[in-house]
Each structure stands twice: as structure tokens, then as C-alpha cells.
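Below: the structure, in C-alpha cells.
For reference, chains read A, B and C in written order, and residue numbers begin at 1 within each chain.
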Amino acid sequence: MIEIKGVHKSFGDLEVLKGIDLTVNRGEVVSIIGASGSGKSTLLYCINAIESINKGNIIVDGIDVHDKKTDINALRQNLGMVFQQWNSFPHLTVLENAALAPQVVKGFSKEKAEEIATKELKHVGLGDKLHEYPTKMSGGQQQRLAIARALAMEPPYMLFDEVTSALDPELVGEVLDTLRLLRDDGMTMICVTHEIAFAKEVSDKVAFFHEGLIEEIGTPQEVLDNPQKERTQQFLSKVL
Amino acid sequence: MDNYEFHWNVVFDAFPQLLTGAFTTVHVSVLSMLVGIIIAVLLALGKMSETKVFYHIANIWIEIARNTPALFLIYMAYFGLGAYGIHLSPYVSVFSALVFINAGYLAETFRGGFQSIPKTQYSAAKSLGMNNIKVYRYIILPQMFRRIYHPMTNQFVWSILMSSLGILVGMNELSGETQRLQSTSFRTLEFFMVAAVMYYVITKLVLLAADLIAKKVFKGEIS
Amino acid sequence: MNLFTPLSWNDAGFILTGILNTVYISVIAIVVGSLLGLLIGFIRAESNKTVNVFLGAVLDVLRSVPLIIQLILFSTFIGVMGFPLPPFVTGSIILSLYTMAFMSEVFRSGFNSVPVSMVKASRSLGMNYLQTVRYIRIPIGMRAVFPSWIGVALSVIKDSALVSVIGYMELLRTAEQLISRTQQPLMILIGVGLFYFMISYPLSRYGKYIERKMEI
């Protein structure tokens, strides 16, 4: 379970998170929507401790992420993250990209790491690209590689930060299909996304962020089909 | 030209000495590269350091190395330090000047290579649970090495060519040795033609070896 | 100030001649080398593979043999031929050719950096081949490689010190002679180093500044 309690985050004078409370249970898919600059992505970075927080707590399976005593690298192994930009490692093959972290972080043997990596790469449909270099692949393929690379650490949670926004429109579908696949596997996911239709289809909960606060949260039917707040209605009317 | 007769025999007889000279050329270049690389790493770190003292030392070293002639630095080592009673041999003078310059140029190469790796590579590796050492060991340094490899090869070739300035302080590397040999035989043209060919061959061999190593080590294309 | 006493006004004049000679031969080499380099660079950007391989091999020799050896070889060669030339002329010829070898690569990549679409667009405006070269490809291509051009020019100024090997009285050679007469190596050398630095440093900063400006 991921528990987010009263989280505040500022960049200098700019307060981007103004007290966020959110709970994500095992097996749940939570989508976060909202305008650019509403703090959606920052929250994900704070969950993964890539950004520090100023106030509040983020607790993953009982462990306080921002406690100084927490072994953050150990914790990150439980939180797979995929970014807007796929950040493939250009000097490694597809297989090496996915097998590296299991090997050097978890200490698995090369064989074991490659076995897991191969399984995950096949899962996302890159089984025929194992020995190619990512720089030669399309954005969609590289993004699926990034997903497989995170999955190869076998994390119970996955965080997705606008994983389709940097893609050409015709490549969005294949990445969303991969996310659907993960939902069907029962993966716990937090997806920051602009794909409202997708959020509606896969999510258990949808949270609408506005200026650093959760303006409205509930089931997709509640938030997307019958939004109660005026700001949510305005946002949806703009993007739908 | 009609009056000039080429005499190659004297050059062929002296070929072992020329080879010894060539060996010294390679020797001083390799050594000055190795020491230069170590200092360059420190200078690059200094140039990126927040500590003012380190930054300024690195900056001054780099700018002097890049903005003064190699011959000036060789003379500084050979004649200049003499004023302090430090008398360096021709080899050490040329070696120190090459180290000084290589370190200065390579420091900027290293810094540029480091800064060209996107910060997102760092966060991507971190998000997989890697600690700082692992991020550098597996992600940052391998990519950096690919980017600095060609500039480093060029710097090595430059060192080989510039070590020929040893001729002006009486060093016995290829040029100096050639100078010494021709002065007793007066076959200047023949001797220096052979020396030119030898330099050409040495630089080509270095570039060839560098290419082969690159093909073996960097299997991956990097854009 | 004691350190200065062995140096007379005559010596100052002597050093000044060295400075002027360094500037003189550097400017000639940069100007002639750039013009020849522009021509060769253009030919290389335009021509087929055979011509390119041949030209590339010739230029490669100029870049793979130490400048000092080239200077000695050429001056010996013309001496043997029976047309000895003054060191200044010999030095200018070799330094210019050496500069050309590097400049041609700079300009070639400049020409290659001009997008084909831009050339097509100017042709569609009715410009002929020479006009596109004159008004589009040279200005745009040369602007792109201006920082590299500065880099090569600076290395030519520094390499001009090597012309001393054939007896040209440039700055470092005058310094060396002064040192052997006055036994004041440190003072003289630091002065000489400062001169090179004061020319090279501002120009290299300017080159970096232009480079950064072009990136944005």
C-alpha cells in the first residue's frame, strides 16, 4: 500500500504540492489527470524520492520514503518508474538494458537476470529485438523497453509519468496496450496521464489535480462522467 | 635536381638508430598521454567543482595549456626552470610539456563528455534502485567513454607529432635522432624523407589500432 | 626591476621584430590557408568518391607528418634543387599548406551542413548554381563552422613558432637567442608566453561565446 499524507513540495518560492492525501491499495490502478503544472508528475518523483518533500509523509508498505534512515535504493526496487522520455541506455542492447539492474542492484547471476529480462521483454512484445540497440528503435518500442526494464526488477508498484506524451500519435496505442496488459496482470499502478479515455477504461480511481491539490477523486464514473466540481468540468470540457 | 644523387645506403645503415628514435617518440607520447589523462580527470573535476580554489587552479592550467605554443612550454621546462637551478633533460622537458598540454585539452574533453550525458539517464538509473557508484559504473562512464574516445585518439596522434619538437632541445626521439644522423652524413633529404614516412606509418598504425579497439569494445552504436 | 637590467632597448627592438614576424607569418598562413582550404573544401563537398579519396589522402599526409619535418624537408628540397628561398618564404608556403589541410576539413563540413532543402529552395527562387554557392552555401556553411575556424587559426598562430627551425626569426627564436645572450630565461619566456596568451585567450573565448550562441 502506498499512503500519501499531507505532502507539500516547493521549488524555491513556487509551491507545487500544497497538501496531497492519497492512498493506493495493492492491485489498484490510480490515474492522475490535470493541467500541466498542477503537480501530477512532481508527486510521482516524490514517491520515488527523486525529489525531496517539504512536509508530510509518503509511506510504502509501512516504510517512510523520506525518512533519512530509509535505504532509498532498496525501496526504489519496489517502485518501478517509467518516464515521459524513455531514457534507454544507448550503449547497451535491449536485453542488456533490461538485465542490468537485476544483475547489479539485486545481485542476480547474468543468466538469471537475462532470463527475467527476456521474459519481461517478450511480455511487452520486444522478444525479437533482444540483441538490437535501442537507438535504432521507434519511440514506442523504446518506451516499451523502459517498461520492461522497470518490470525486470519485479516491483509490486509501477509509476508511469505521462508515458505517451512524447510519442508520435500512431505509437501511443502500442504503449497503452502494454499498460492494459499490466492491469490485467494485477499490477498496482499510478499513471499520470493525458489520455482521458484510457484513464476511464483502466482505472479503479481517478484523481483530478488542480494547482497542487486534489480537486476531485473517485471512480472513473464519478470523476469523469459526473464531475461535481466546476474546475473538473472545465478541464474535461477542454480535453475531451 | 639533376645534380642531386640520392644515397639511400647510409640511411638504411642507420635504420636501427631511426627505429630506436621512433621507439622513444612512441614512448614519450604514450607516457605523456597516460599521465595527462590522470591529471585531466582531476582538472575536469576541479573545473566542475564548487570550491573556488580547485576551480581556479584547473582553469588556469587549462587556459595556459590551450593558449600557448607547445614549443613555449618545452622551452619553459628546458630553459625556464633552469633559472631555479632545476635542469631537466630534453626527454623530461618534452615529456612535461606534453603532459601539461594533454592534461589541459583532455580536461575540457572529459568535462564536455560528462556534460553531454543527459541528466535523465541519471534519474532513470536511480529509479531502478542503483546507487551513485553503480549509476556511474554502468550508465554514465561507459557512455562518456564512447564520446571522449575519438578526441582522445586525436590527442594521442597530436602528441606523437608534437614530440618532434624534441629536435629543438636535442632530444633523441625520431626527429632529433634524424637530425643527429644527417648532420654526420649530410644526407638531410634522405634522412628526413624516411623520418616523414615513419611518422606517417606510426600515426596510421595508431589510428588503425584505435579503430579496431573501438569496434571490439563499443559494439553499440551511439547517436 | 633588477631582473631587467641586462636587457637593453636594443633587445626590446629585437623582441618586437620577433613579435611582428610571428604576426606576419601567422596572418599570411591563415589567409592563404583559409582561401585554399575553402576551395579544396568546396571541391571535396561537391566531387565524387574517387576525387575525394585522392584529395583526402594528400591532405592526410600533410596532417600526419610533423610540421617541423615538413619545414626541414621542403627547405632542404628547394636548396638541393638549386632554388633556395628565404626562410620567410619557405615558412609561409609550408605553414599555408599545413593550414589549408586543416581548413579544408572545416569548410567541407561547413558546406555539408547546409541542408539540401535550403539549396533547393534557393534554386526554386531562380538562383543559378554559382549564385546559390555565393549567396547561400558559403554564408550559411561558413557561419556554422566559424568556431572551428577560430580553433584552427589559433593553432596556426601557436604552430608558427615551429618555423624557427628553418631559421625564421619569429618570436620564440628571438627569445631563445636573447636567452643565450642574457641568461635571463624565465623573464623572457614569461613575457613571450604572455604575448601568445593575450592573442589566443580572447579569441578562444570569443569562439566559445559564438559556439554557445549558435547552440541556442
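In this section, a contact is a pair of C-beta atoms (placed from the backbone, for glycine too) under 8 Å apart; a residue touches a chain by one contact, two chains touch by 3 or more.
It should be emphasised that the depicted structure is a prediction, and the values quoted were computed from it without experimental measurement.
Enquirer: Report the chain whose mean Cα position is at the greatest distance from that of subunit C.
Expert: Checked the centroid distances; the maximum from subunit C is A.
Enquirer: With contacts counted as C-beta pairs, which pair of chains has the highest total?
Expert: Top-ranked chain pair by contact count is B-C.
Enquirer: Which chain wins if you rank chains by how close their C-alpha centre is to the centre of all protein C-alpha atoms?
Expert: Nearest to the common C-alpha centre lies chain B.
Enquirer: Averaging over Cα atoms per chain, report the distance between subunit B and subunit C in Å.
Expert: Centre separation, subunit B to subunit C: 21 Å.
Enquirer: Using Cα averages as centroids, what's the distance between subunit A and subunit B in whole Å?
Expert: 47
Enquirer: Just how far, in Å, is the C-alpha centre of subunit C from the one of subunit A?
Expert: The mean C-alpha positions of subunit A and subunit C differ by 55 Å.
Enquirer: Could you pull out the residues of subunit A that touch at least 2 other chains?
Expert: Counting only residues that touch two or more other chains, subunit A contributes none.
Enquirer: Quick one: in the complex, what on subunit B touches subunit C?
Expert: By the definition above, subunit B touches subunit C via 1, 3-4, 63-64, 66-72, 75-76, 79-80, 82-84, 157, 161-162, 164-165, 167-168, 175, 188-189, 192-193, 195-196, 199-200, 203-204.
Enquirer: Show me the residue ranges of subunit A that touch subunit B in the complex, using the header's touch definition.
Expert: Counting only subunit A, the residues touching subunit B are 48, 50, 73-77, 79-81, 83, 85, 87, 89-93, 100-101, 104-105, 133, 135-136, 146, 149-150, 153.
Enquirer: Provide the residue numbers of subunit C that touch subunit B in the complex, in ascending order.
Expert: It is residues 61, 64-70, 72-73, 76-77, 80-82, 154, 158-159, 161-162, 164-165, 172, 175-176, 179, 184-186, 189-190, 192-193, 196-197, 200-201, 204 of subunit C that touch subunit B.
Enquirer: Taking the complex as given, what residues does subunit B use to touch subunit A?
Expert: Per the touch definition, subunit B meets subunit A at residues 118, 120-121, 123-131, 134, 137-139, 142-143, 146, 218-223.
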